[in-house]
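In this document, chain identifiers A, B, C, D, E and F correspond to the written order of the chains, with residue numbering beginning at 1 in each.
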Amino acid sequence: MHDFISFPGLLAAVTKDGIDSGATAWMLVATAMVLMMTPALGLFYAGLVRAKNALNTFMMSLGAMAVASITWVVIGYSLAFDKGNGFIGDLHNVFLRNVTNGPRAGLHIPELVFVSFQASFCIITAALISGAVVERMRFGAFLAFVPLWACLVYAPMAHWVWSSDGWLANRHVMDFAGGVPVEMASGFSALAAAVVVGARKDFGRQAVLPHNGVYALLGASLLWFGWFGFNAGSAFTTGGQAPLAFINTLLAPAATLSVWMLIDYLRGRKATAIGAATAIVVGAVGITPAAGFVSPMSAILLGALAALPAYTLIVWRPRTRLDETLDVLAAHGLAGFTGILFIGLFAQASWNLTGNGLLFGNPIQLGRQVLAAGAAPVYAFAGTFVLLKLMSLVGRIRVHEADEGQGLDVSQHGEEAYTHGEGAILFRPLEPELEDAEERTPSAV
Amino acid sequence: MKLVIGIVRPEKANDVLEALYRAKVRGLSMSRIRGHGGETDSVETYRGTTVKVELADKIRFEVGVSDNFVQPTVDAIAKAARTGEVGDGKIFVVPVEKVVRIRTGEEDTAAVTPVLER
Amino acid sequence: MKLVIGIVRPEKANDVLEALYRAKVRGLSMSRIRGHGGETDSVETYRGTTVKVELADKIRFEVGVSDNFVQPTVDAIAKAARTGEVGDGKIFVVPVEKVVRIRTGEEDTAAVTPVLER
Amino acid sequence: MHDFISFPGLLAAVTKDGIDSGATAWMLVATAMVLMMTPALGLFYAGLVRAKNALNTFMMSLGAMAVASITWVVIGYSLAFDKGNGFIGDLHNVFLRNVTNGPRAGLHIPELVFVSFQASFCIITAALISGAVVERMRFGAFLAFVPLWACLVYAPMAHWVWSSDGWLANRHVMDFAGGVPVEMASGFSALAAAVVVGARKDFGRQAVLPHNGVYALLGASLLWFGWFGFNAGSAFTTGGQAPLAFINTLLAPAATLSVWMLIDYLRGRKATAIGAATAIVVGAVGITPAAGFVSPMSAILLGALAALPAYTLIVWRPRTRLDETLDVLAAHGLAGFTGILFIGLFAQASWNLTGNGLLFGNPIQLGRQVLAAGAAPVYAFAGTFVLLKLMSLVGRIRVHEADEGQGLDVSQHGEEAYTHGEGAILFRPLEPELEDAEERTPSAV
Amino acid sequence: MHDFISFPGLLAAVTKDGIDSGATAWMLVATAMVLMMTPALGLFYAGLVRAKNALNTFMMSLGAMAVASITWVVIGYSLAFDKGNGFIGDLHNVFLRNVTNGPRAGLHIPELVFVSFQASFCIITAALISGAVVERMRFGAFLAFVPLWACLVYAPMAHWVWSSDGWLANRHVMDFAGGVPVEMASGFSALAAAVVVGARKDFGRQAVLPHNGVYALLGASLLWFGWFGFNAGSAFTTGGQAPLAFINTLLAPAATLSVWMLIDYLRGRKATAIGAATAIVVGAVGITPAAGFVSPMSAILLGALAALPAYTLIVWRPRTRLDETLDVLAAHGLAGFTGILFIGLFAQASWNLTGNGLLFGNPIQLGRQVLAAGAAPVYAFAGTFVLLKLMSLVGRIRVHEADEGQGLDVSQHGEEAYTHGEGAILFRPLEPELEDAEERTPSAV
Amino acid sequence: MKLVIGIVRPEKANDVLEALYRAKVRGLSMSRIRGHGGETDSVETYRGTTVKVELADKIRFEVGVSDNFVQPTVDAIAKAARTGEVGDGKIFVVPVEKVVRIRTGEEDTAAVTPVLER
């Protein structure tokens, strides 16, 4: 896909100016669907935290959407997709200079659509990291973190695999829809963020439970919906690998969910709902890098396999001192890692027109995938660690302990998610206020 | 006058309401609470976090009655709420020194006599 | 010391809070409950299921006061919560044998005297 | 539509390999929209049950999505769409053998897209049945039921009307988007399921009310949204009947909703919201078989008419001993039945290029539709009845009475939908637990 | 766009019958997305009101969807888009007479799709007005208001700018996706509605707070999602201005949200979530008229600027006696006004192929935009004011005060949004009821 | 017998539960309430509406105990719930005239002795 192969049969539908109307239709919708994933993530995450942090958690996603969008068109797109060196792009496209409605080189969709689609990837990747630090990171600090991280971590990693001069692209690493810059980048950045920001004060001492499981289920479901745009949209056309990526995005999460419920059941006789929501995400992440490269039956296998390391980590992590709160590392980092390696084994040129993996006679592909699976975690972790450490030298990145106890909705946003109105006294700007000055004498209890 | 506080199972709440109605008790208040007694705890798991949930949902009735209504009220609640299983709940009778009906300002026994003209 | 329990309409809760404040009562607790009294029941329908809803939303205040504050507290609640319509609610005054202020461990009257240095 | 007529004018946009890029774009999106309907159904249903069963109810839909997807590609698709006999297909496509990215015969979209679209139909149809048995069916039993039901009931019924050798297709029954295999199949299967599983223990004795009407409204709204993909996607192209099916999917539910509110108002001076959510579903179901066959004005009439039997059944059913809990029979079975018959009267060749109904001079079509409307309920009811009876010989299909009282969220999933954390004691695997062994002496109350 | 310019390069993808399959695919989806905005609005509004009015508030949107859809195909479409005079269209298309599946004149999509897309605009515009009168308007009165308003206010205003003989279209006013008939029409109609219906009885006396901030955030997010269909769909093609309108619909709300959070923070050290939800809407409204006319960098500027008047009005309005409850005037009327004027300054022919604004050498365009920005508020306010005044002569348009206190869910719909079941006694139609006749003797408290 | 009513911070609720368990108190009820005391009010803004929120979330424990358990219960709550900051809450001890265990109908002291065979 990102090799920008043109599938000859499709050219007939392409107009004189090089635009394929059907492909453009699909990419417009796919982009909208991916853009909807970020609020869906906000809802998913909001359901998993306590009621007193629900708005803040949702707002981290929406806030990321605001600042990452602007960052992307100002500079991120240029750094990621402009030609430069193997590591990062040049500045020829800053402020969308030289970007037009004409086709993106090698594709049959307008470059503006390509920019939008890629923006949606950057946005959600940044938003994902919030899962590691909910319930204690300062909202302002997170908003400052997002654009810096988008430029320093996301853009280079996207360049590595998706720019024609990226060092991993040059080594023919296969990454259909973002195992490297989206899944491993967010997962291992989340780990770094959890380490730098530190655990919540109640972590490991009190039971901190999801306040609304229905939000979590609905959020995960909307994420799944958007993921069809995410993965099948990464074909940038309706033919080619889009249909394959589409069905694989149905089958892999379905397999992960089936396996996850089974493990849950075998361990405790209960197939948990929060587990199921997680499994959907894990399966979708696992198939993300592989969606256009492996057969549907391999996708089922990948979905099933991806459950195992993620499940194990999710059970084990809360027993440690590591408060990587919503398990971004397990659900994204580890599942993305699984998917990237799986390609090296199961990629099938008969399905993807691009290349085979080990099991189909091309052992070298596995080596390339191992390279990507090794480099991405290191860079993402290190980059995020250094960035947040530097930020914490400049200012506070987590809230005061009292504010954490009171909840971040009140302390960061001055609101509660669920209000009733009793005991809330209106400030009436037009009338004298309740005489607050009145002397307070010892009186009742 | 007394305040009869009855803590019962949620699924018995409607039976209690009906029993109180039949006992001609007309005013009462009710809230959703959680309780811990002899019931077995349940274990719940939220991803990696396993917890023992020690509290079960209950309904708390609070009924202000004049003295000669105390026993009928207690009996009505106890009978309607009983299943015989652990967790049926408790009834407490607390003395009340004064009652006021807010609408009229009537006090004590007058305050607890329902008005008929509704 | 007494515990004054006031059950009022939700829309009057803020007026009661203000009245208690003016009566110099500083500590109180509040919860959302549902009550049944002389109010007319409402009928609700959820697809084929029709029900008679017998309970109306109310707010329950619970205020611990020293003896000489009982009457002002009762008066404040009664006055602020009154609309004159059925459903205004009731006030109960219950004796209290002991009060503890958790923060300091102070007991009884000391526990009920608000601290000024906030 | 399912006759796979090619509309000549459209061929110009079709490429040499037989794929229409625009049609494929539409079908990718339509498939994603239908896939989103299953979680939307979960939300709708979850809002209609008590809080203690909210997660379980939602999970029945998500669980169906997991296992039905796998079932579909493993065998269901082959049974439904492979040539075989009039009743059921062969096994040539099991495990998606012989399925490629090339066009599905007679269509201009890749077969993989066709498979995915049809998968989404099977999934939601199975999930619909859960509405009959919520709040008491064992979760594991439902998960086992879904694949069996998909193979034994759904796949044959889809074959009947949509395979070129199906016995109803051969008799020229018109069923645009699934009056037979989706709506009547789910509705009458739901009836059977309610009969076999039995009523909830509180049914008819206590008021069991929807715990969250907002979820129900949002769920129904998302269903409506997805239904545009469901019905207009059943054209498998953007031209032809797609625009007609689209506008009819707007107008029929709008008409049902208007009439429903009116009846509600006339009966009790209140237009209920739960009723409105139901009406949207009823109207969308009613138009489903007819969407590409009748004129927009007929669609309004159909929407209005479909309200009457469904409303009547919904009011009457709770007075019986039949706890078909969320009225799948009324909303799907009866409304689908209405739609199938309506075609026989109002189909209009000038709109659908396929055939007329009685009122437009073709009385025989009514006979064909009556045949379908007679056969579908019988097969669906009988098949499901037998299947569940057999299953109940093998194991429990409903939960223990105590578990039903406690709620299925705790008993089946070990979770609550809405938690607070007080009174939940963390198991601390690294530290000695609270000395549970301590002797318990009689002491306090 | 609404000039129906054909972009020559695209014609190659258009089939002999004049339909572009890709464009049709996009417009089908865009229409579904806009149709989903109305329930999303219902959710957004429902979150902002008190729990006792949640269902009613949501139902105003769904009810509008029902009656406005029917109104549109019966007469609204004809009044708006049929040729007539400069003010309003003729009746040639009533009941969709003469509307077919063939292309809409000047476009390459079927007219039925065009009708559906335009229906979705009329629906949401009518639903928006409910925001001004929630928590006290009679549901029946609102349902009666919608079709009248659609014919008397919406249809003419749409005709003005989007019919080839509309008086504003003839004066070359640029309004891409509805600054005049959607945003200013709803905003200033909302103002009139608030004036005629009057303030809630608690307004300014009690703190009336949003009962569920998560609904508000999710609703606003879904609105944003739908808005991509709204704005980019207004190109009626996938090429041309669609990609530009798309990316602008991402960037403008992102900018508004960033600025809004900043102002919030500067004023009170808290970036509020309800404010953020509002900001998304404000930004999307601001870009609506301008989406296909200004460059992406101008869109960022417009988003930032649009925040200022809307923020100011939202802070100031509650201090007045004007209970325009959910600030439709600020979020839609004022932001739409800003967008319409902005075009006059920043329109750029190099991006839109249509015309320049003042800053790009065409001062006369600003004059045209000022004309539109002046005429729209006057007509919308006056039309709605007169209509509601007349309606209030015929019957009650607001609920009784006691019903308002009890909440409109119970009084208008006979339901509560959140129920538990305790204290709800089932009417058992088959058994003798609880002996209600029993004598009630003075007894207990 | 007495009813011990303890109003504590939500974050201390689990500590109180554990303390009561260690004090061998087995039955209790709990509800979520809101209280006003010496705590500073918080200011919240919802679009143009600014409000002063005067109530803070609290947990209310209600524990019926036999007389010799009153002091241990009060001590357990007071100790477990204390942070030393304003807002720790209060404990009230109210006399109880009668207790009934609904499951068995046992009264008073018998009603308050937990059964062991669970």
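As a working rule, a contact is a pair of C-beta atoms (placed from the backbone, for glycine too) under 8 Å apart; a residue touches a chain by one contact, two chains touch by 3 or more.
Because the structure is predicted, anything quoted here is derived from the model rather than measured.
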Touching chain B and also chain C, the following chains: A, D, E, F
Steps in the shortest chain-to-chain touch route ending at chain F and beginning at chain A: 1
Residue-number overlap at the chain B/chain F interface, same or different (half cut): different
Euclidean distance of C-alpha centroids - chain C vs chain D, Å: 50
Euclidean distance of C-alpha centroids - chain B vs chain D, Å: 43
Distance from chain D to chain A - Cα centre to Cα centre, in angstrom: 31
Set of chain B residues in contact with two or more other chains: 14, 17, 26-27, 30-32, 34, 36, 43-46, 49, 51, 54-55, 64, 90, 94-95, 99, 111, 114
Interface hub residues of chain A, defined as touching at least two other chains: 13, 20-23, 25-26, 29, 206-210, 212, 268, 270, 272, 274, 319, 414-416, 419-426, 445
Pairwise touch network: line, ring, star, complete, or other: complete
Chain D to chain E touching residues, read off their complex: 9-13, 20-23, 25-26, 29, 33, 50-51, 204-214, 217-218, 221-222, 224-225, 228-229, 232, 237-240, 242-244, 246-247, 250-251, 253-255, 257-258, 261, 265, 268, 270-274, 276, 280, 296-297, 300, 319, 351
Of chain A, residues touching chain E in the complex: 13-17, 19-26, 28-29, 31-32, 35-36, 39-40, 42-43, 46, 54-56, 58-59, 62-63, 65-67, 69-70, 73, 95-96, 101, 110, 112-113, 115-116, 119, 139-140, 143, 212, 215, 409, 412-421, 424-426, 428-430
Residue ranges of chain F in contact with chain B within the complex: 3, 17, 26-31, 62, 64, 94-103, 105, 111, 114-115, 118
Chain F-facing residues of chain A, complex: 202, 206-207, 405-406, 410, 414-416, 419, 422-427, 445
Chain F to chain E touching residues, read off their complex: 43-49, 51
